[in-house]
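All chains are identified by letter, namely A, B, C, D, E, F, G and H, in their written order; residue positions are counted from 1 within each chain.
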Amino acid sequence: MNPDELKKLLQAFRNGEVDEADVIGRLRTLPFEDIGIAHVDHHRSLRQGAPEVIFGAGKTIEQLQAIIATMAARGSNVLATRLDSDKGQALLDRFPGGEFDPLAGTFCLTAKTPEACEGTLLVACAGTSDLPVAREAAVTARMFGHRVEELTDVGVAGIHRLLSRGDTLRSADVIIVVAGMEGALPSVVGGLVSVPVIAVPTSVGYGAAFGGIAALLGMLNSCAGGVTVVNIDNGFGAAFAAHRILQGRAR
Amino acid sequence: MNPDELKKLLQAFRNGEVDEADVIGRLRTLPFEDIGIAHVDHHRSLRQGAPEVIFGAGKTIEQLQAIIATMAARGSNVLATRLDSDKGQALLDRFPGGEFDPLAGTFCLTAKTPEACEGTLLVACAGTSDLPVAREAAVTARMFGHRVEELTDVGVAGIHRLLSRGDTLRSADVIIVVAGMEGALPSVVGGLVSVPVIAVPTSVGYGAAFGGIAALLGMLNSCAGGVTVVNIDNGFGAAFAAHRILQGRAR
Amino acid sequence: MNPDELKKLLQAFRNGEVDEADVIGRLRTLPFEDIGIAHVDHHRSLRQGAPEVIFGAGKTIEQLQAIIATMAARGSNVLATRLDSDKGQALLDRFPGGEFDPLAGTFCLTAKTPEACEGTLLVACAGTSDLPVAREAAVTARMFGHRVEELTDVGVAGIHRLLSRGDTLRSADVIIVVAGMEGALPSVVGGLVSVPVIAVPTSVGYGAAFGGIAALLGMLNSCAGGVTVVNIDNGFGAAFAAHRILQGRAR
Amino acid sequence: MNPDELKKLLQAFRNGEVDEADVIGRLRTLPFEDIGIAHVDHHRSLRQGAPEVIFGAGKTIEQLQAIIATMAARGSNVLATRLDSDKGQALLDRFPGGEFDPLAGTFCLTAKTPEACEGTLLVACAGTSDLPVAREAAVTARMFGHRVEELTDVGVAGIHRLLSRGDTLRSADVIIVVAGMEGALPSVVGGLVSVPVIAVPTSVGYGAAFGGIAALLGMLNSCAGGVTVVNIDNGFGAAFAAHRILQGRAR
Amino acid sequence: MNPDELKKLLQAFRNGEVDEADVIGRLRTLPFEDIGIAHVDHHRSLRQGAPEVIFGAGKTIEQLQAIIATMAARGSNVLATRLDSDKGQALLDRFPGGEFDPLAGTFCLTAKTPEACEGTLLVACAGTSDLPVAREAAVTARMFGHRVEELTDVGVAGIHRLLSRGDTLRSADVIIVVAGMEGALPSVVGGLVSVPVIAVPTSVGYGAAFGGIAALLGMLNSCAGGVTVVNIDNGFGAAFAAHRILQGRAR
Amino acid sequence: MNPDELKKLLQAFRNGEVDEADVIGRLRTLPFEDIGIAHVDHHRSLRQGAPEVIFGAGKTIEQLQAIIATMAARGSNVLATRLDSDKGQALLDRFPGGEFDPLAGTFCLTAKTPEACEGTLLVACAGTSDLPVAREAAVTARMFGHRVEELTDVGVAGIHRLLSRGDTLRSADVIIVVAGMEGALPSVVGGLVSVPVIAVPTSVGYGAAFGGIAALLGMLNSCAGGVTVVNIDNGFGAAFAAHRILQGRAR
Amino acid sequence: MNPDELKKLLQAFRNGEVDEADVIGRLRTLPFEDIGIAHVDHHRSLRQGAPEVIFGAGKTIEQLQAIIATMAARGSNVLATRLDSDKGQALLDRFPGGEFDPLAGTFCLTAKTPEACEGTLLVACAGTSDLPVAREAAVTARMFGHRVEELTDVGVAGIHRLLSRGDTLRSADVIIVVAGMEGALPSVVGGLVSVPVIAVPTSVGYGAAFGGIAALLGMLNSCAGGVTVVNIDNGFGAAFAAHRILQGRAR
Amino acid sequence: MNPDELKKLLQAFRNGEVDEADVIGRLRTLPFEDIGIAHVDHHRSLRQGAPEVIFGAGKTIEQLQAIIATMAARGSNVLATRLDSDKGQALLDRFPGGEFDPLAGTFCLTAKTPEACEGTLLVACAGTSDLPVAREAAVTARMFGHRVEELTDVGVAGIHRLLSRGDTLRSADVIIVVAGMEGALPSVVGGLVSVPVIAVPTSVGYGAAFGGIAALLGMLNSCAGGVTVVNIDNGFGAAFAAHRILQGRAR
């Protein structure tokens, strides 16, 4: 039942064409019906503050192009993630105004510049191998309108590198910490700052790294209080979580 | 090297008793020395916004009493978690001004009322068996000065119960979602609101619940974007993470 | 918004006291409001065909007695599961009309005889150690109004025992198969009959049985097509699933 | 011992050529002999109501063609699953009357239209990535003669999409719910309906999805009573289970 | 259908009271009927060469006494395993002619001396902590009528101890090797002898021993060809497997 | 120290050139020295009864050809396992007298016919997908000189197929049972016969089969006493174990 | 064959009573015989530099007392580990000259002061809950004659505490790092020093700490090069490894 | 703040341009600032005794060439690991003075011969399949200036091969033991020598080897005291650990 049908129902009620019991009967089933919720869903990006996002892994070039064309046609900003170079190039060919970041595996098509938000997000990563995940987080956050700083190669085995960047740490409002192997960086960062710390385990490592399980467990057991964790390699999810946090500050 | 020693060194330098190279040599080793950092550590609760917290599991009544007495003596607010009823009662006997919550397993001794912070934290939990963890989160957040709402028994198998509480969901600034078994509640909540959602898996369940692993995996794989996760049964950690978020709003 | 409020709103609309936009605005939020859904929930046992059920593990005798008293007061049949002997005896003391089955760990308080359903449920179990789970399933199904046959100690290492009970197998409309250790019985049964087979792994075994994981995996990988599985030791869940199936037959 | 031999034995007994003890001795070993059971096995599709099914993964095109040709020659309906596009096309080339569904990875060769059964099966899936498994279930069920409805992209993070399809949910006699990631959809569906719900975890997801383990555990721990589960990605098995259920209704 | 009924059927056939088709029809269902198979089952100990065995874990003293009394009454030798000292003493009180081995946790009641078999079984164990499992194997094998040698504390970290017992190794016909921790002993033994080697992992160890998983995996991956493995702590099973082997030699 | 050196030492001792203490000192270190053990190792195939065996996975065609050439040159029978078709064909090109079995992935080069052993080995497998592993076992056993029977597609979901082959089962001296998925076949076979049963789990299956873990666990937890298990897909190991057993019978 | 027998053999050879072939035949079997190796084993503590050690878990007080008495009787230093307070007190009662450390769970009976070794061992631990394992390591190392420093509560969430102890870190020759939860401390320490770092995961933590698995995996995946790891809670093993290292320095 | 800035600050203080409080304020933040720590980091190879090392897996040829060129330009010795043949050849083309070891997967570019260290490292491996990991360890250790012996194919199933190399074992100062499958070799070696033993599990094996987990667990549970373990396949890490140990001997 869309709004038009609802108006007709109310009109019919006022006109005495249907009685009260009928209207209530129809309305009581509303939780199972479609009272314009599709419309709300249509506005999901507004309700949740997210641009339209496509998870690119497992989709063909043709599927990606079709989906993006549809989204672009309705004026949305578009962010596609988990793209390899072939897909990225194919999207650039089709949508020359877009941007493909081969390290992050992301493609951005910006219809309107995202409204700038208050606050700074810092994306710190332990090693250069963690960069793709960190960059996915950074690209995503920028598509959400956030100012992003990046800090690279500050793993805990060379603790001075991290400590020497105290100003950068202290000036962030939210910090995403990306690390593979033992995943220890969020614990150290979480002990140095009081702002929200979102930990992202990466699948970097071999053997007993178990594709990111070691880092994931390390982060879930962080001895620094109040560190939260997202799925392995989920740079997008960390940025979305940061967006939920920073959005609250701007209200 | 404490501040006094540092002053003496600078004085000696100004007086020409030590030369520039000596001073630089001494200072370069500072990262390995103690330039009053203990003092900063002493003020960790200020730096991180946390009251002094004791993890009560595995500590004897005598140890707990001694630690709390020390903390109370320096005027700190004290929060002890993971206490059974025997320990709780023993702490009440020793510190009659404190509060023991047998459901949460927490003991609070409040020297000064925590300064009230802006914003509302909602702690929602799926079933009544998840209540101890949810309550630990609520008690912790209140000790950090936050206003806390609680929502109970809104598991996804009876989705109407959750949906009927739309106002409560919409008025929260941060939501902690506590669930055992399949851990699906954060996905539903995360799709309904745009504020930060912190998921806490509980060890509730049996068989293939594997002491909370099923719920943990469910939450890490949430199809709702931007949900973050803490360790199994870690109500305290979720509240600390919420505190990091709400603290930012208040600045 | 309860039905009364809804009636008032419609009346006000018909009277011209509120306009169409207001009514639509109020109604659009309904999915988040309470339009008598609580009432439906109140009738959950009717909607899902289930008596009121209490999971007894982790609840105190006092809690159990209070919950059952409440349920009994509103005329419901009551089934409590996972009770040890102490709890069972305490419930008998309080509710002398109830029945405690020490093997199944169940307590039944029957206000009105469950309406008899068509069809026969067979509960077969591999070894005598699996009996508690099988019995929990049988007791539950009987509380749902189903006729239940039980078949015991027909494990696959003595395949003649099972085969000699062909009549029993052939006369069942749904079969619950309970097995621990390697969990092979459902595969054999599933190959002998064409009716629904619900497999229940039990935590019986030691070493590499891993508390029921071996049986669970065996059942999920059954080479007999169309066998479905419930959680380890979940006799109640299997009976509930059987109830969902048999209920359909009776319509 | 085939029926002919059995006849000869009985004849010899009647004729006094063998005595009673010999006959009983021969018959007692029957459980280890072949008393026409192969014949019954030959009729397995009748006994279990299943068409002849081929699991296509790991078989070569030549093997598939040979097996299907044999089955077709004896007039059976044939269903092959887990086929990639190359295999599907090669089967179409060989058996032009068949149907290849590239999304489901199935090939159907229908000798005689399956007899229509009573009841409706609903196959609901959480996300578009789960479609291949859902479609395998739908194709399978249709080959068994069942009426199938499909519902797509009703994941729990956008709960309104599911709730708006209340009529579809309410009109189903059995529901197969297909979901990857956290696998929460069966819990919500199971709470909304009273008919049998068969949950199929898919290997959709990454990181801590562990190839479907997260979804599998979520479904095994469903807080909705009476949900049963099949193996990861096992759309065929779910349809077969649904067939066992619906078949009972039709008797 | 018991033998008597079968005789009646045959008689009726010879007498012309039933015709051939009827007899064949009755006989064809025999795999699902009871043609004295219970009788055969009754003789399972003869068919498999095993005495009657009771798995004592999880059974009460009363249950154990009742079962053993029944077995003893029909003249069987009885072996009960997994008994603690209380149970063992209670069985001795009831059956003074029995033998309780507190290390092995076994109780033996011997009605007739087991017929001596050819061949020697060697039970070797790595450390003194593995002794209970090794002794369970030894006691079991002796109840099956086998000659058993025992070799203790020959773990691989002191390889000379094992090598110095070359004569013992060389004179065995089957070797059971019991080891916890890394479970390496079967690999070394398997390389020194050409007779069957049955490996038994024990739950001895802590931390990453994971209750015997480390030893189990070590044994399954033994670099010595032809080593076979039984479940963790399953001394009984290893002895039964040895019995199957030695029994063949004696024919 | 080779035998020649040993002779020289003894000669020198007899001649009085070295004294008793020197000889004893030299001899005492023998466990760490080479007293012709390499020679014994050289004869490992004799000591353990095995032909020379090459694990082909991970070796190049060139490596395989070189190793086999060396072995053939010293007159050994050669068995190479885990070969794909390319390797098999390349070996046939180089050694035209050999035999490549593409299903088993084995290559045999027989210098002298293996001496025939007493006894019959039965290799039974649950499904056609398990055939490669079963065939590897059969080929291996024949290379060891054993008579091998094969039984295929006797999975437990069609239990009659297995039961109808009672004669085959009863005439075997050792049975290797190969099964994937739930791995239940060894339990049924183990209950029907009293000879040694060696279970081989295969990696056949998908989803929660976990590459053979489900079958492995099922077999380790077999409710049939005395079943032993080898590593996943280890047909060679099972045949070697059978050889160890049958070898004993022949003595 | 003990040295006396060997002497006799050589004598007989010299006297011409046995010929060369006989001697060589006897000697060739030596690896399987006992040429005084037991004597060497008797001196294992000398060969490996270890005092005699008893793993106390799972042993009764009586067993412990008997073993220690035997060891003390031959003048050995004795170290017993994993003792609870009851066992510790009972050992003190029996051996008043010993020392029981209730935190470490160790009992030491020192017959002769261990010879002091060169070099310093530092035992650092992350939190106070890790102290029992750290202390077990320290006590063990002292029994081996090493100088031990201890550093407590230097977890990575308060990185300044560790950095302020630079002198202590720099003056150590080997460092044992003990940590539970995420196990990150060894990575930081390993990056600060160039001496050997031995990491000991502890079972401290809850939920996804999985009894020390998280810490173990973190340490195995340490991003600091050259960190080695021992079993969970294995303070003794770490100290023994340190002893092997420091012993080398002293030569 | 670099040393120049620090000099200026001190100068300004002596000149009275800034007061004591300012200087102390600036200095107190030093742990978060850059007081020449980058310089120290620049010298990490000196501080930790390591050459510059590149983990080659996941890096492109172009990235490898660029990194090595930079390192070579500053006169460092370079070691790249985990290179396949294509990468190795490409590096040889670019840096003809380097050495590529295809078995180890390593590329070495030696600017100055590493200073020879005291002591001998023995790298022993169980089977030829373990050679790549063993060789990586050997190459790495030589780049650190250590003398390396190699011992191959001394797996525990042919224990004589290991025992016959007693001299080699006894002359080593540190032993790296590399093994896959059941990983038992370190336990045997650890029992034969008193020097440090570093165990490296390899991913060699199949089925229940689980990519090295079986070997890893075996080594962590070694019954030989004081064996330490590194990550699966981590030959480099083992060599680095050996370097840390031998470096201490040379001081």
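Quick note on the criterion: a residue touches a chain if its C-beta (ideal position, glycine included) is under 8 Å from a C-beta of that chain, and two chains touch if they have at least 3 such contacts.
Here the structure is a predicted model, which is why all the values come from computation and not from measurement.
Between chain B and chain F, the least number of touching-chain steps is 2. Note on connectivity: the fewest chain-to-chain touch steps from chain A to chain H number 1. The greatest centre-to-centre gap from chain F, using C-alpha centroids, is found for B.
In terms of C-beta pairs in contact, G-H outnumbers the other of C-E and G-H.
A separation of 54 Å divides the Cα centre of chain A from that of chain F. If you average the CA atoms of chain B and of chain D, the two centres end up 50 Å from each other. Chain centres here are Cα means. That of chain B falls 38 Å from that of chain G. The multi-chain contact residues of chain G, meaning those touching 2 or more other chains, are 31, 37, 158, 160, 163, 191, 207-209, 213, 216, 220-221, 225, 231-232. Contact between chains, per the stated criterion, is found for A-B, A-C, A-D, A-G, A-H, B-C, B-D, B-G, B-H, C-D, C-E, C-F, D-E, D-F, E-F, E-G, E-H, F-G, F-H, G-H.
Against chain F, in their complex, chain C makes its touches with residues 126-127, 155-159, 163, 181-184, 187-188, 190-192, 205, 207-210, 213-215, 217-225.
Every residue of chain A that touches chain D in the complex is listed here, in rising order: 29, 31-35, 37-38, 40-41, 44, 55, 57-58, 201, 203, 211-213, 216, 231-234. Contact residues on chain F toward chain G in their complex (touch as defined above): 3, 6-7, 10, 13-14, 20, 23-24, 27-28, 30-31, 35-37.
In the complex of the two chains, the chain F residues touching chain E come out as 31, 47-50, 53, 119, 160, 163, 173-174, 194-198, 216, 220-221, 225-232, 236-238, 240-241, 243-245, 247-249.
For chain C in complex with chain E, the residues that touch the partner chain are 129, 158, 160-161, 163-167, 169-170, 206-209.
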